[in-house]
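Below is the structure I would like to discuss, written out as structure tokens.
When the chains are written out, they are named A, B, C and D in that same order, and each has its own residue count from 1.
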Amino acid sequence: MSLLTGEGIHSGYGDMEVLHDVSFRIEEKEIISIIGPNGAGKSTLLKTIFGLLKPTKGSVTFKENSITGLAPDRIVRLGMAYVPQVENVFPSLTAQENLEMGAFIRKDDFSDRLEEVYELFPLLKERRRQRVGKMSGGERQMVAMGRALMLDPELLMLDEPSAALAPKLAEMIFERITAINETGVSILIVEQNAKESLKLADRGYVLASGQNRFEDTGENLLANEEIGQLYLGG
Amino acid sequence: MDTIVGIINYIVFFAITAGTYGILSLGLNIQWGYTGLFNIGIAGFYAVGAYTAALVSGPPPGAWDGRIFGGFELPFLVGLLAAAVVCGIVALLVGIPTLRLRADYLAIATIGIAETIRLVLKNESWLTNGVWGLQQIPSPLYDPIRAGVTRFLGGHPDLPPWLHDLIFKSYNWFYLLLVLGILFILYLIMQRLVRSPWGRAVKAIREDEDAAAMSGKNTFSFKIQALVLGAMIMGIGGSLYAHYARFISPASFKPLYGTFLVWVMLVLGGSGNNKGAILGSFVVWGIWAGTDFLTGYFPFTATQAASLRIIIIAVLLEVILLWRPQGLLQREKRPPTILKKKA
Amino acid sequence: MQILSRIPQLLIYGVISGSILSLGGIGVSLTYSILGFANFAHGDFMALGAYIALGLFTLTAGLGIPSTPLGPLSFGFGFILSFILAMGLTALTVVLIDRFLFKRLRHTSSIILMMSSIGVALGLRNVLQFFWGPQPHYYIEKIQLAIVIPGVGVRIKPDQVFIIIAAIVSVGLVHYFLQHTKMGKAMRATADNMALARVTGINTERVILWTWVIGAALAATAGILAGIENKFITPELGWQMLLSIFASVVLGGLGNPYGAILGGMIIGLSEEVSTAFISTGYKPAVAFIIMIIMLLIKPTGLLGKRR
Amino acid sequence: MLVVEDLAKQFGGLHAVDSCSFTVKRGTITGLIGPNGAGKTTVFNLLTGFLKPDSGEVHRAEENITGLPPHRVFRQGICRTFQIPRELKEMTVVENLMLVPSGQLGERMWNPFFRPRRVRQQERTICDKAFEVLDFLQLSHLKDEYAGSLSGGQKKLLELARTMMVDPRVVLLDEPGAGVNRTLLKRLASSIERLCRETGTTFLIVEHDMDFIMRLCTPVIVMSEGRKLMEGTPAEVQQDQQVLDAYLGGQYVAIDG
């Protein structure tokens, strides 16, 4: 049984259907990258998985539980975390407070987990008392990822973590993603940077116009020339 | 017969007041119903209108007066216009700092100006005679009508007493006609305006201010215009009140009560619909007056009864907001007049 | 010179009224930052608190709980007990109003919520007036002698010292709550971004509940303290202060509780000092004018976020 | 028609648009493409006055329109649509369109009373125009519906219709195709083509649907990392390795210091 599977998902905003019959699966400890041209419905897919949008058709199953249409706060409790693309931190809180918020639903002492997250992002420990609103884009992204990790999720979903970052920072974020994966967390990543994300992914899916187009290992997808055509038409 | 005369006289009194409220409600409708401006300082504009009219058309200060200004004894219509103009200026002063900001700020500022106006009325005795208020404000054409009535009654000494009574109080009939006439004229003006391109622009601002700006509309200017126009209409309402009541004091214009009643009238009648605004004012004033009778049957003191009536109106507002937010009459969905002719 | 010599004394009065305004303002600010609307019923929450305390005080006296004045204060244990219970009961009432009214209107616009809060304001005020009448009710009938602070020559009554201390303690508790408790942090997080708070698993309904509880408890505190300062309460007590409270909140920055404290102090001081120069009746107008000037210069207020 | 020179805009320390220059020629349907985060929407906002550039200039024909507020840019004949339609919900479709033209006499409060005939005449003209536009886009049957009750695709068409109300010189379309079904999209494309051909309107289109862009637009300008990467015919763009790299390689921004 896969960790997360989606089958025949149709979803969108109001009467605007964006996803038409999308299916996928993620095994434990995998990194899956979902790429595709703009407007392909990648972010919509993440939002649908996480219960922010209700699919009109299809099902999502997480750890053998159907989570189709479940509210986000319920899904969080099942061990899935999500980092939105924008507005993914609380700017007037300090870095540490942001992380504590990530652990909001934990009733136990989570100071160990906090240390583990700090180990993944040593920079955050240094700046833990700083307000996140005053931090740079890369640091915010780390805060956002750190916050999502506080619940010790089995699956982490990242929506374009490298967007609007300087190249060096993006590289660093990708490297952190690998490090997170090595701690045993499965990762579902939606990326604009197809090359980098496919390099670190076990498998990848290519979406275009709200439909599955390709599914393969990262390397094979990188070598696939047809994918260029999906991006540029022709 | 006496009861019938009493009831008729009461109905006239009722309709005059409801008509005056109808005018305020029309003024609020242009601000809130059509443009989406949240004005909760209606009582302030109402008071400014009443005082302006009283100062322009009323008698000069008497020996007992604390004031040293005003009382020009100018004709009723001059006072009416002055009331409108002064209210418009006040609205302009409130609008300039707040209309570029979120709606909350306008709300806070309008209630602030209403409170400030009340303080001025209370404290600036040289102008307003303080808490003692202004008295002997003339009712338009009162003397000639009264003289005519007296002459008529003098010529017909054999009338039954109830008819005599009814005719004796006929000045109120005239005033009712005056109020309803002005209400009707204002209604026609507002109808034409809201169906014009101007109305279309302010409605667009109500729906989505940015989108209106995108279509090249100077939204700030339209908002100021709507606020000022609405305030001017409220000023006219105030002037009509002053000439009817003939005595005004700061106590007549409690900041929230007057404002609140008008809001409930508009929301109940249907904001964004001028007929609704007028309908609402008659219905709510009816409820208000009705509760006056009703509370008489219970062993409440006068202040308790007054409180209870306000509680009833407050509950009424919440009930409308919860279950029928659009009010009795929905917004007018109609193509501009010109389209009708073509179709 | 006559005027200037009064100023130190007026500053004391300013701090007292500023303390009360600040406490009222924090609630307005919290509600605004979490629920996004200007709550016009807040003043009447204050009056409600003051009357509940009055009722409880009468009750405790009837139950024989001693109310002999504590030390130099003009009230005793029974009153302080009523004070604390009134905070809780006010919070409970406000939470019920939220459940039955505001919660159901939350999906509409902030303006509808604002309108409905005006209905609540008038409703509450008249409920108080219905039961207690419009006339003033006295908390404390005894006249208290003021202490002259040596050197400066200003006078202050022990009750007024109590007011200032109570305000400082309340503000301290609010600060501790917001900065150091889980719910307080969650409240700030929700104010920042409610959607993200939900995604993070924060129970935003609980946060809203706490916002009302804290706002209402502080409102009750402010109302009771105002009653101690004035010696009496009327159903209009909160409404009379509401404009100054709004001015404080706008001055400090709508939505920032710390701004409300700062704004409250500035407005309180300006209102009192202004009485040296203009008629006392114009105090609320002074607040209003300061607010308008602030809106013209910097609409986001002294500590407000840029939008 | 539109000349963009060295345009730059930062948010915080991030250069969203950085020394971006390009020209849109009169009477063309120019495509503006690029990966997410390349700065296309920011460029749109800079062109239409919704944002003020930090540096650089925008000219329409000979006129410098840099930093004008939106309603002034609008009066320069530059119209835009939004990615998410901004229809006026509780107004009918016709009203939505009739709102648009500038210089309406009846927008001055007194004219409906003192010059009713002129106002009515103008209303009739504007109304005819609105019907014409609705006919053109095959939306006539919806004229008296509230705009809020239209479907997503119909709202997009309404957006285009709004721009047509003023005979604009330049129309900027921000993702006209997003969320529009195939049939409507085809109608949209042919409407744009016809408009360009029949009225000489210039179009600048940001769109993710490559088929749409490639069929409709010449030239196509590719943006990447806040500046113009290249410009060419659709075929040239499709074959360009640089462009493909930009699409697959992610968008990064320069940071100060």
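In the analysis below, a residue touches a chain if its C-beta (ideal position, glycine included) is under 8 Å from a C-beta of that chain, and two chains touch if they have at least 3 such contacts.
Just so we're clear, the structure is a prediction, and the values are computed from it rather than from any experiment.
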**Report entry** Chains touching both chain A and chain D
**Finding:** none
Query raised in the report: Among all chains, which one's averaged Cα position is nearest the averaged Cα position of every protein chain shown?
Result: C
Query raised in the report: What pair of chains has the most C-beta pairs in contact?
Result: B-C
Query raised in the report: What is the chain whose Cα centre is as far as it gets from that of chain D?
Result: C
Report task. Would you kindly tell me how far, in whole Å, the mean C-alpha position of chain D lies from that of chain B? Result -> 46
Query raised in the report: Roughly how many whole angstrom separate the Cα centroids of chain C and chain D?
Result: 50
Requested in this report: Would you mind pulling out the distance in Å between where the CA atoms of chain B average out and where those of chain C do?
Outcome: 33
Report task. Spell out all pairs of chains that touch, sorted by label. Result -> A-C, A-D, B-C, B-D
Report summary line: chain A residues touching chain D in their complex are 12-16, 18, 37-40, 136-137, 160, 162-167, 170, 191-196, 209, 227-229, 231-234
Requested in this report: Show which residues of chain C lie in contact with chain A when the two form their complex.
Outcome: 182, 185-186, 188-189, 191-193, 195-203, 305
Requested in this report: Going by the contact rule at the top, pick out the chain D residues touching chain B in the complex.
Outcome: 70-71, 74-75, 80, 86-92, 94-95, 98-100, 102, 104-109, 111-113, 119-120, 122-124, 127, 144, 146, 162
Requested in this report: Enumerate the contact residues on chain A facing chain C in the complex.
Outcome: 50, 52, 72-73, 76-77, 82, 84, 87-93, 97-98, 100-102, 104-105, 147, 151
Query raised in the report: Quick one: in the complex, what on chain D touches chain A?
Result: 12-14, 16, 35-37, 151-153, 175, 177-179, 208-211, 213-214, 234-235, 237-238, 243-244, 247-255
